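Look at the two complexes coming up: chain A is in both, with chain B in one and chain C in the other.
Let's turn to the complex of A and B:
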C-alpha cells in the first residue's frame, strides 16, 4: 500500500536527483542553475515532509533566495566561451559515476550498520520553540559562537559598505 | 433572393439546426453526463441542515430563494472561497486595481494635471477597464533570439509568487487566512526570495540590453534590502515570541508595535519601498534612463500580468506592515449589528413578505475586522504611493549605501530596543503592560 507520504517522497526524490543530474549535464549555464534551484527546493520539500517547516523555510530563503541567486548572477556576468573549454573525456564521467556509487554504497552501509531500521511517523513534530530553548540552555556556547561569527560578518559587511564611502570621497577630491 | 446568402435554402437551414442539435445530444450523453457523474463522485458536497446537497436539492434551492443563504454560507466556508475570493486573490486583486487608479489620479492631482479623465463619465473611472481590454487585445511580441520558455514563464511565475505572498496574510480574526502557517513570517521571507530570481531570469531571457541592466539593478536592490527587511521585524518576533502572523496580530490587541518599535517600522517601510521598486528606489524601472528597465520587452497581457503581480505584491507588503506594526484588524467596534427585525420578520415589501432564514450572512465581528484592516492597508498604500509624486530617483551607490550601512545599523538599534523593553520588564511574559 503506497501511502500519500511515500508518493510525495518518491516524487521529491525523483525531482531532486533529476534536477541535480540536469544541473550537471545541461549545456546552458542558466538552465543548469535553474535545475540547481530545483534540487535545493526538493531538499526543502524533504524538510517539509519531515515535519520541520522551520528548516524548510530557511532552506528556501537562504539557498534559493540567496545562494542560487548569487550563482545565477555570476553565471550571467561571465562570458560563456571563456570558462567553457570543453574537455570531453568519457573517462572523467565514468570516474565520477564510480565515485558517486562508492559514496552511496558507503553511506548506505553506514546507515544500515547504525541499526536504524524504522522511524516513528506518528510522533508530533518538534516545535522550533523547543529548539530555541535548547539552544539557550544546553548549547549556549555554540549559540554564542554562532552569534559572534554572524556579528563579525555583519560588521565586516558594514565596514565594506563604509569603505566604498571613503573611496567615493577620495574620488571626489 | 438576398445577396448576402445567395445559396440559402430553408431546408439547409433546418438541416443545420438538426445537425447541431444531434451532435449536442450525442456529446452531452456520451461525454457530458459521465463527466458530471464523475465530478459528483469526487466532489465533497456540503451538508445543509442535516441534508446532503444533492443535485436535486441544488435545483430546488435555485427555485426557492429562501434556501440560498445557507448555501452561500457553506460556500463561504470552503477553501476555494478563501483562495479565490477573500482573503485571497480576488480581494487582493480588487485592492490592487483600486490602487492603480488612485495612484494615477492622485499623482495627477499632486502634479496639477487631470490624469485619467475621458474614459467613463465621472473622472475617468473606467480607465482601468479600458486599459485592461487594451492589454488583452494587444499582440504579444517576443524579441528575436529570446529564451522563449523562461520569457513566457516569468510573468506567470511573478503573479504566482505574489499570490503565494498574499495567501500568507491574515485579513480578519477567526482564521480568515488562506494558509495559516506556524512559521508564517519565515514563509513570507522564503516567498519574497523568489522575486529577484524571477526578475533576473526574465531580464536575461529577453535578450535585450535595457531589461538586462534593469534586472541586474533589481537583483542588487532586492537582495541587499532583504537583510534590513528581515532584521527590522526581528524586534516584533522577540516581543511576541511567535512567527505566526495571526498570533502576532492578536498580541497587539492593546498596543500596536509601532508605538514601541518606531525605528523598526521606519526601517521596514523603507526596505519595503525598495523591495517594491517604488520611487525613490525605482532604479530597476528607471524610465528616463533604461526605457522601462526589466519590463521593457514585455508586451500585451504579459506586461499586464507583471503589473498585476507587482500591485498584488504592493498590497501584500502593505498588509504585512499592518499586521506587524499597526495592530492588524484591531479597532473599535463601529460596524452596526445586523437589523434584528429582518432576521425575525423578513423584509416587507407591500403585500410580499420575504423571509430569509440563515441571516446574517457574515458575523458583525468579522465585518468590523475587515473594515479596520482595509482602512489601515489603504492608509499604508497611500503612504507608499505618496513619495512617487514628491521625490526624485536616488543614485545606485547611495541606495546600496543606505541599505547596507544605515538601515542595517538602525535595524540593530531596533533589536536592542526590543531586548531592552523585555529585560526592563516593560513587555514580554512578565511585563507591566
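Let's turn to the complex of A and C:
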C-alpha cells in the first residue's frame, strides 16, 4: 500500500522531470515555455511537501507569475519561423545525452555512498516567522543589497532593450 | 514526514542533469535560458530539502534570496536576447559572431 504523501511525491516527480524534458524537446517554443511552467510549479509542490509554504508561494509568485510570463512575451516577439525550428547539432546531441547520464550516475553514486540515505526527521517544521526574523535581524544588509540589485537589473534591462532609432525619429519630427 | 531526504536529492540531481544536457546541446538562446532556470531550481530544491531535514530556517532564507537573484538574471538575460535578436535577426547562438576572433 502506497503512502498518501508518497503518491503525491511520485506524481510531482513525474510532472517535474517530464515537463523539464518537454520544455527542452518540444518543437514549439511556446509549448516549451508552458512546459517550463509545469517544471516550476512542480518545484513549488515539492516546497509544499517540505513544509515550506512561504517559499512555495514565493516560487509561484516569482517564477510562474513573472518569469514564465516574461519568457512567453519574449518568445512572441521572435519571428514565427524561429519559434518552430529546432536548432541543435545532431552530433552534440549524443554527447549531451552521454554527459547527462554520466552526471546522473556519478552524482547518484556519490549521494548513495554518503550518509544522507538514512536521514529522516520527526521534528516539527520551521515556522515562517523565523524566516522573517532571519531576513530582518541577521540578513538585513543582504536584503537591502538584493533590492538594489533588482532595481539596477530592471534599469539595466530597460536600457539594453531600448531602441534609440525610434527616439531619434521623434526628435527629428 | 514520510519521504526521506534522498528522494528530494535524487529529483534535484535529475533536474540538474537535464539542465546540463540542455545547456550543452541546444543552440537556441531561449532554450538555454530554460536550462539555466532548471539548474537554479534544482539548487533551490536542495537548499529547502536540507533546511527541512536539519531543521534550520536559514536554508529557506537563502532559497528566497536565490529566487530573487534568478528573477533579476532572467530579466537581464531576456533583454540581451532581444538585443541580439534585433542585431542578427536570429536566436541561434552560433550566429552571434561579432566578438569571434
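Everything that follows uses one rule, which is that the second predicted complex is superposed on the first by the 117 of 173 C-alpha atoms of A that agree within 3 Å, B and C clash if a C-alpha of one lies under 4 Å from a C-alpha of the other, contacts with A are read in each partner's own complex, and residues count from 1 in each chain.
Following the convention adopted for this analysis, a residue touches a chain if its C-beta (ideal position, glycine included) is under 8 Å from a C-beta of that chain, and two chains touch if they have at least 3 such contacts.
Quick caveat: nothing in here was measured; it's all calculated off a predicted structure.
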Touching partner for A:72 - first (chain B), second (chain C), both, neither: first
First (chain B), second (chain C), both or neither touched by A:109: neither
Touch count on chain A, higher of chain B and chain C: C
Touched partner set for A:11, first chain B, second chain C, both or neither: neither
First, second, both or neither for A:99, with chain B first and chain C second: second
Touching partner for A:144 - first (chain B), second (chain C), both, neither: neither
Contacts of A:39 with chain B and chain C, given as first, second, both or neither: second
Touching partner for A:154 - first (chain B), second (chain C), both, neither: both
Partner chain in contact with A:53 - chain B first, chain C second, else both or neither: first
Where chain A meets both chain C and chain B, residue numbers: 54, 58, 66, 128, 154, 157-158, 160-161
In the complex, chain A residues that touch chain C: 3, 5-6, 9, 13, 16-17, 20-21, 23-24, 29, 32-33, 36, 39-40, 43, 46-47, 49-52, 54-55, 58-59, 62-63, 66-67, 70-71, 74-75, 77-79, 82, 86-89, 92-93, 95-97, 99-101, 103-104, 107-108, 111-112, 116-128, 130-131, 133-135, 139, 142, 146, 149-150, 153-154, 156-158, 160-161, 163
Of all residues in chain A, those that touch chain B in their complex: 30, 34, 37, 53-54, 57-58, 60-61, 64-66, 68-69, 72-73, 76, 128-129, 154, 157-158, 160-162, 164-165, 168
Complex contact set, residues of chain C against chain A: 1-11, 13-22, 24-28, 30-31, 33-35, 37-38, 41, 44-45, 48-49, 51-53, 55-58, 60-61, 63-65, 67-76, 78-83, 85-86, 89-92, 94
Contact set on chain B toward chain A in their complex: 147, 150, 181-183, 186-187, 189-190, 192-194, 196-197, 200-201, 204, 212, 216, 219, 223, 226, 241, 243, 397, 400-401, 404-405, 408-409
